[in-house]
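Chain IDs A, B, C, D and E follow the sequence of writing; residue 1 opens each chain.
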Amino acid sequence: MDFKDIFFYLIAIYILGTGIMAVSTRKIFRASIWLLFSLIGIAAFYFWLNLEFLAAVQVAVYVGGIVVLIIFSIFLTQKTGNQMAKTGTQQTIFAALASLLGFALTAYLVYQHHFGSNQTQELDASIENIGTQMLNPGDGGFLLPFEAVSMLLLSALIGCIVIAMKIKKEETA
Amino acid sequence: MGLELLFTLKHELLISLSIFLLLFIFVGSNHTKGATIIHIVNALLLISVFFFLFEPKQSFVFNQMFESNGLIQFQKSILSLGLLLISALSFQWLKHHKNVIEFYLLLLSSLLGMFFMISAANMLFFYLGLELATIPLAAAANFDLEKRKSGEAAMKLIYSSAFSSALLLLGISFVYGLTGSLNFTEISEKIPVNALSQFAFILVFSGFAFKMSVVPFHLWTADVYEGAPVPVTAFLSVVSKAAISFVFVQVLFKVFIHLELSYTISLAVVSICTMLLGNLFAMRQENIKRFLAFSSIAQVGYILIALMGSHEVAQSAIIYFLLVYVFSNLAAFGVIGIISNSLGKENISDYKGFYQQNKFLSWALAIALFSLAGVPPTAGFFGKFFLILAAASKGYYLLIVIAALNMIISFYYYLRIVRNIFMETSENPMPQVLVQPITKVALIVCLIGMIVLGLYGPVYEYIAAFAKPF
Amino acid sequence: MNLLLLIIIPFLTAVVILTAKDFKQSRSIALVGASIQLVLAFFLLNQYQAAKALVQTEAFVFEQSFEWFPSLGIQFLIGVDGISIAMILLTALVVVAGILVSFTMEELHKEFFFLLILLSLGAYGFFISLDIFTLFFFLEVAVIPKFLLIGIWGSGAKQKSAMKLALMLMGGSALIMVGLIGLYYFSNETGNRSFNMLVLAQYPISYAAQLVFFPFLFAGFGVFTALFPFHTWVPDGHSSAPTAASMFLAGISMKLGGYGCLRVATYLMPDAAVHYAPIIITLASIAIIYGAFATLMQTDLKYINAYSSISHCGFVILGIGMLNKTAIVGAVMQMVSHGLMTALFFAAIGMMYQRTHTRLVSQLGGLLKVMPFISSVFVIAGLCSLGLPGFSGFVSEMTVFVGAWQNPNFWYRLATILACASIVVTAVYILRAAGSSVMGPITQKNFLHLTDAQWNEKLAAIVLLSGIVIIGIAPFLLTDLLSSSTDVLVEKIINTF
Amino acid sequence: MQNTNLVLLTLASPLLAFLLLGIFGSSSNWLKKGAGIIGTLLMAVSFFFASQLSLAYFLNQTPNHTQQILFSYTWLQFGSGLSIDMGALLDATSAMMLLVVTFISLMVHVFSLGYMHNDERFASYYAYLGLFTFSMLGLVISANIFQIYMFWELVGVSSFLLIGYYFNKQSAVAAAKKAFIVTRFADLGFLIGILTLGYYGESFDFLTLIGRLSDVQSPQFAAIGVASFAGISALTWGLLLVFMGGAGKSAMFPLHIWLPDAMEGPTPVSALIHAATMVVAGVFLVARLFPIFAIAAPHTLDIIAYIGIFSALFAALIACTQTDIKRVLAYSTMSQIGFMMFALGVSGYGAENGAGFSASLFHLFTHAFFKSLLFLGAGAIIHYVHSNEMEDMGGLRKHMPITHISFLIACLAISGIPPFAGFFSKEAILHAAYQSNPAIYYMALFTSFLTAFYMFRLYFSIFWSTQKAAQDNAHGEGTWSMKIPLILLAIASVLFGFIPFSEYVSTDGKPIATHLDVLFSIAPVTLGVLGILLAKQLYQKASVKPQKIALALGSAYGFVKNKFYIDEVYQYITKKMLFAWVARPAAWIDKNIIDGFYLLLAQLTQFSSVYIKGIQSGKVQAYAMYFFAGILSLASLLFYVLK
Amino acid sequence: MTPVGLPHILLLSTALFFIGMFGFFTRRNLITMLMSLELMLNSVNINFVAFNKYLYPQNLSGVFFVIFIITIAAAEAAVAIAIIINLFRSSDSIDVTDAEEMKF
């Protein structure tokens, strides 16, 4: 067991711990902060895997984008200190049962499956490489998905605007 | 290369062009009338419908991600036709909607997503197409901004679909883990048959099943259909469903071909559930949109049993069925949309004595329902018969019997509406509704489609010709 | 002769009806169309006999084939033999009569005639189809018009009846569909798949497969022809329907089932037919005797006729189940005869109902005095129903009986005796009905002012009556037509014995 | 060929009358008026041809009367070599029947001219008569057992129409229905008998059938003898069932119940159908198939004989107690047919053995005349007093002299008093019975005593006794059209006994010498006279003696007067058993169980549809849970199946 | 204890996935449900990256997939939040149990 392993375990515990907090705390604002921590933990995990670019994207998009969006919406819809309504016991039990069963099944399947390993080659996840491939129309290129996702973002943008427009109107009115 | 690529991507390019046209020319200008925009989009869509006539040869472009061939082009044309018809049928609603451009932008994006999805030969690209097809729709479902139900529908759609995407992604990640590839052909070659691969398959399957509204992944369907504006419901129920079914056929028959036993078992179970639950729920619906939601769930059940048959027959039968389904379901939604829009009535009981004042609409709705029920001479009959014929090709006769029994139940509820329209008399039946000329034309096109597709054999033969290379 | 005309003319008629301006126009168009069709049917008979005389062939004539869905082996294949021609003639007669009795209609006349013609189109198409897919197609084409005709223009609990009828018939269709698909896949397993009846007959499916799929097909068609215990749509459906629709239903539509049982189920799966014959016969004799007894308890004239139809159609099934030439010829004759007779019956009941506004036996009485023509027609229809010589009912029933008696098996004999016994019960209910509604003292004062039949109603009755009487007096006309065609059917069955 | 045309013409003229009057009678006014004349003329034509044919047959073809097929046309070809042929079989029996039927029918036509002339449905009446005559003629010339069945049914329906002629009268309709249904029930047996005989005999043709089944050597005979059901051979079954048909039409016990009720029809109709012609069809039928009965299955003849004599006695007993004159006559008809029937039953085949056969048909022949005379007389009386009840009559001999005389002649004839026709035929019957079965003979003797008694009870009550009120003298005895038939028939009743009948009609066509054994005749004639005297004693003057006797007999009298409660038994069987235990449950089952089953299916579907609605709870999270549960269960299914 | 490898990472991602799922099943607030969804997507991302890194390092498919998932997640979240806000506007609640109007 070397440092790397210990780091992994630490990161893992961190991710899971904050994740559990994020889904269980009854204060919504705190939940969002726990989520933030958890996402940062995942970014850290990417660092651990030497995928710096991915870690950066994770931080930029999730931490900088999504969580901020979430916090904004919390501000818009909620008083921060409020505790959230409690879930029914029955629902909790079923949810827990389903999740546990699912976890058990998946974990078992993953565990019993013997993935081969290919350590001969190192993953080349340099920003340069990613950039070239991203805009390459030919073999190994991801130009088309890149274009597609731009359309997706565009339409999401339009959708958000249309839905939000009404609010603006209400405010003015 | 260049011209050929243009040809390969002609549907996508045209739709993107439309999107940009709308985005850059019209969004800013406030003077443009809704009607003009609608006509322009319709014209573009009409062109897209006929694109399939210029079919390119089989080609893979963009890192083997994008596939194109005659069948795919044809499917894209069907989807374009679907949107075109929806657009024409909901002319009235669109004309008066202040966000008509945005509406088109969303639906066109969604259509583009479907084109990507159909053409996808790669899991990543497929996933992107799927999301591009879904996310704008969720936004579009919320287009009746002042209606609470619309919001609820949009919420249910986006949450359910996000949840299902998460599971689909988990599945894809396992597939990736098992094969090391995202390319469909490579996956199909490399995928092993073991517990994990089956689990991964089921996860992917559930993603498709969700979009196709297969029981028990269907629960969002009715609520969303009910709450969303009629054109969106129509789009969801017809175009979206057709698109995902097209892909599903390819994915099952090409990617997971080695898991045939698994998928056959899964299909057998879910198809029975789908037909049964869809029909049982449809029986007791009061809201006509909700009713159509369940009835379309039941229809999916028949598609599923066809999937279990031998590939050539199944593929052509399903595509044919979906083509017919586009016409029949859209005609039904068209009439419902007109009524919902001009009178605000969406309940089956509101249709009592409908025939007294609205003869054309009544016949259109009735014929659409007959086609959905599978009664000759409408094409629905042929569609259903071929599906069942396909299912029997591998000898699943028990399923056929179950399907046949389900058809009787489905017959009951379709006739229930016909009964309300023609036989019930009402003290105050719906007043005569003005039908826009373009809407009327679209309805007539649907009616002609419903009648002619079956009686005119070459349509099916055209589709069947694609299936030969399997 | 081009058989397509038989489909095209009703189609054109239906289309032209939609352009009619008022009731008079639509009914005249319908009448003209139906009359042309009647003329055509006789012309077809003539041509058929000429063709037969020319070539001594037992096969179908005037065959025409169009590719429909070649990749699935589905053709649009039409052709006729003696049996189909008999059924076509029946249809043509009933259609003309049905339109003739529908000369008063308050609303939605275009739709009414349109649907009637559509229904007849389905029947014509059914009878000329030689491809079982086409046949099935036309069979189902005829279902929806029935539903609408009953539900819109019917009386009483019309919606419920219409629904029940449609659902049960669709149930039958669903069964038929399973059977057809079984035939499709199990016949000629190495060669090209086909729904072509002639090909299917050439390559019979394996015995095991026959045993599985025969019940589907037979029961499916049985639903249409009111095979016990799938008959419950008949009473409600027939009695709720408007007069013309009742006539079509009982006169034509129920025959589709009998024809299908014979042409499709028995012809294509003779081994299974032999195997299941005892069951078929048992069900048929139950239907016959049970239907007859159930009729005794009915109080509504239409119900009486509907239940008696169950009983009479039992003879068709019985004849088919006996699997010998005489009985099968008898079954077909019974189809024709029952078609004409029951249509006449319904026509008479309709005319009476239109005037008296009641169909209850207990409320009617003495009508013979005020409307002698209608009442006589009613009595004659009744007499035909109870198998009086000189009318078609007698010859067809006797042919069935003689055929049925050819099998010395005790069980068959018992079934035949039960079937024979029904003619007594038939006499009882017919006479009860006639005795209290047409005869007896006049029960209501206002009956005295009622008028007798109009020219159109008289013509309708005469059209049907002439059919009944001609067959009754000269049955050889019909048997000559049927004989050689049944030989083909029976040959297959005999080969399997 | 000549004969063929004659037969066809004989049949065609009444048919023409039927079609003409039936179709156009109600619309054309002059047809309505002239219906009687037209019908009668056509009937006369028919009679003319028939008599030509028969007389030619009898007079030319002595001594051996062969059976000739005049023509035969395949009418309905069945698959297995069987066919219904329309043909005409001319032999002594049918020639005799042709004569009888046309003659009586003509008389009735003529009589009806007066009797029915005020009726508003005059044309229909004659149309029906035409139909009946046509059917009856068709019946007697039938060359094929199926053909006879067809005409048999037609006869039945024309009988129905004529009984129910006064269709506004509830009782007439009821009687018509009863007659039709009871005979129909009997015909069921007939039909099955035909099927059985036809199946084994491989033909429906009379001559072929008789040839095969009465030939012990033929393969068909072997087959039908071997085949059996319930220990009785198919031949016996077939013959008995055919006889059942005959018994129904001929009102043999226990299928006789329709006959008395049938008197609801117009009286001339009763004379024609229910006295002279249709009711003897059963006798005719047995006679037609007689060789088979006699040669192949003589034991069936015993059954016929016993049924015959029992019916004769039974009916005679009832007749003594009835007060409605037509009913008395009806029972007497039944009794007389019983005579004919047992005469057939005691007969053998060939030469002298076949004396019973000849006697039976002889009685049929004479009975036709005197019984129709009785009925027409009764018709005249009813026409005069407007009542059927004996109590309303009395002392009519002065008012209706012709009727009186003719009626008396008929009564004497039926009582077997020489030299009237009945004497000869009855004598022959008794003789045949005496020779073959003394038990039957004694019973027959007693019956003939009863016959004389009740006939004269009738006679005295009507024509003597004391005059009752309510007699309408306005229109006198009736028109000449009513009187002439009476006279003609009376003449026939006197003279026709002298015909040497058995020389013309016998089992094998060879003439048998008629012989009159005076010594043998003493007993029956004496008994007849005794009966008459007894009746005279009791009924010539109105007195209380009959009531006293009735009282003395007590419940036995009531029992007989109520016709042994046979009607009630039938009522019980039909209403209480068939209706209550078969028809009602059938209808109930249909509505509740079979239809209910489908309803239950529908409701189950409906119910399950409501039951599962909770799945669609509207909760997104629940949806997701179902979603995931679906995945889990599919996965576990796959793992389970694939392991 | 074996050195950290693919199975451990997969276990982590699986655990995270089902934590997210548990959250999705139980949270009543729509925003927190969205957060749970994000957790699930992230766990899938871990899967892709791990497979790519440990098993198939010859190309970058997994990493690209992750990048696109992150993008899509953002878009999805944006639309979802817009919808939530719209819902909040019309019913003044973002509790999921208040959005159960349409059922059965």
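Please note the rule applied: contacts are C-beta pairs under 8 Å (C-beta built on N, C-alpha and C of every residue); 3 or more make two chains touch, one makes a residue touch a chain.
Bear in mind that the values here come from a model prediction, so they are computed numbers and not experimental data.
**Student:** In this assembly, which chains make contact with subunit A and also with subunit E?
**Tutor:** Touching subunit A and subunit E alike, sorted by label: B, D.
**Student:** Suppose you hop from subunit A to any chain it touches, then on again the same way; how many hops at least until you reach subunit B?
**Tutor:** Contact-graph shortest path, subunit A to subunit B, evaluates to 1.
**Student:** Going by the contact definition above, tell me which chain pair has the most C-beta pairs touching.
**Tutor:** Comparing chain pairs, contacts are most numerous for A-E.
**Student:** Averaging each chain's C-alpha atoms to get its centre, pick out the one most distant from subunit A.
**Tutor:** In terms of C-alpha centroids, the chain at the greatest distance from subunit A is D.
**Student:** Taking all protein C-alpha atoms shown, work out their mean, then name the chain whose own C-alpha mean is nearest to it.
**Tutor:** So the chain sitting closest to the middle is C.
**Student:** Would you identify the chain whose Cα-based centre sits farthest away from the centre of subunit B?
**Tutor:** D
**Student:** Subunit B to subunit E: how many Å between their CA centres?
**Tutor:** Going by mean C-alpha positions, subunit B sits 27 Å from subunit E.
**Student:** What whole-Å value do you get for the distance between subunit C and subunit D if each is reduced to the mean of its CA atoms?
**Tutor:** Distance between chain centres: 36 Å.
**Student:** Would you kindly tell me how far, in whole Å, the mean C-alpha position of subunit D lies from that of subunit B?
**Tutor:** Those two chain centres are 76 Å apart.
**Student:** Roughly how many whole angstrom separate the Cα centroids of subunit A and subunit D?
**Tutor:** 102
**Student:** Listing for subunit C: what residues touch at least two other chains?
**Tutor:** In subunit C, no residue touches two or more other chains.
**Student:** At least two other chains touched by the same residue of subunit A: list those residues.
**Tutor:** Those would be 91, 94-95, 98, 102, 105-106, 110, 115, 140, 142, 145, 149, 152, 156, 159-160, 163, 166.
**Student:** Show the residues in subunit D shared as contacts by 2 or more other chains, in ascending order.
**Tutor:** In subunit D, 613, 616, 618, 620-622, 624-625, 628-629, 631, 635 touch at least two other chains.
**Student:** Between which chains does touch occur?
**Tutor:** A-B, A-D, A-E, B-C, B-D, B-E, C-D, D-E
**Student:** Name, in rising order, each residue of subunit A that touches subunit D in their complex.
**Tutor:** Checking each residue of subunit A against subunit D gives 91, 94-95, 98, 101-102, 105.
**Student:** Could you list, by residue number, the parts of subunit C that touch subunit D in their complex?
**Tutor:** 164, 168, 229, 231-232, 235, 290, 293-294, 296-298, 307, 324-327, 329, 366, 368-369, 372, 383, 386-390, 394-395, 398-399, 401-403, 405-406, 408, 410, 416-417, 420-421, 423-424, 427-428, 431-432, 435-436, 438-442, 474-476, 479, 483, 486, 490
**Student:** Show me the residue ranges of subunit B that touch subunit A in the complex, using the header's touch definition.
**Tutor:** Contact set of subunit B toward subunit A: 16, 19, 23, 61-66, 99, 102, 105-106, 109-110, 112-113, 116, 124-125, 128-129, 131-132, 135-136, 138-140, 142-143, 145-146, 154, 170, 177, 194-196, 199.
**Student:** Can you tell me which positions in subunit E touch subunit B when the two form their complex?
**Tutor:** Interface residues on the subunit E side: 17, 20-21, 24, 30, 33-34, 37, 40-41, 43-44, 47-48, 51-52, 55-56, 61-62, 64-65, 68-69, 72, 75-76, 79-80, 82-84, 86-87, 90-91, 99, 101-103.
**Student:** Per the contact definition, I'd like the list of subunit B residues that touch subunit E in the complex.
**Tutor:** My answer: residues 123-124, 127-128, 131, 135, 138-139, 142, 145-149, 151-156, 158-159, 162-163, 165-166, 169-170, 172-174, 176-177, 180-182, 222-223, 226-227, 290.
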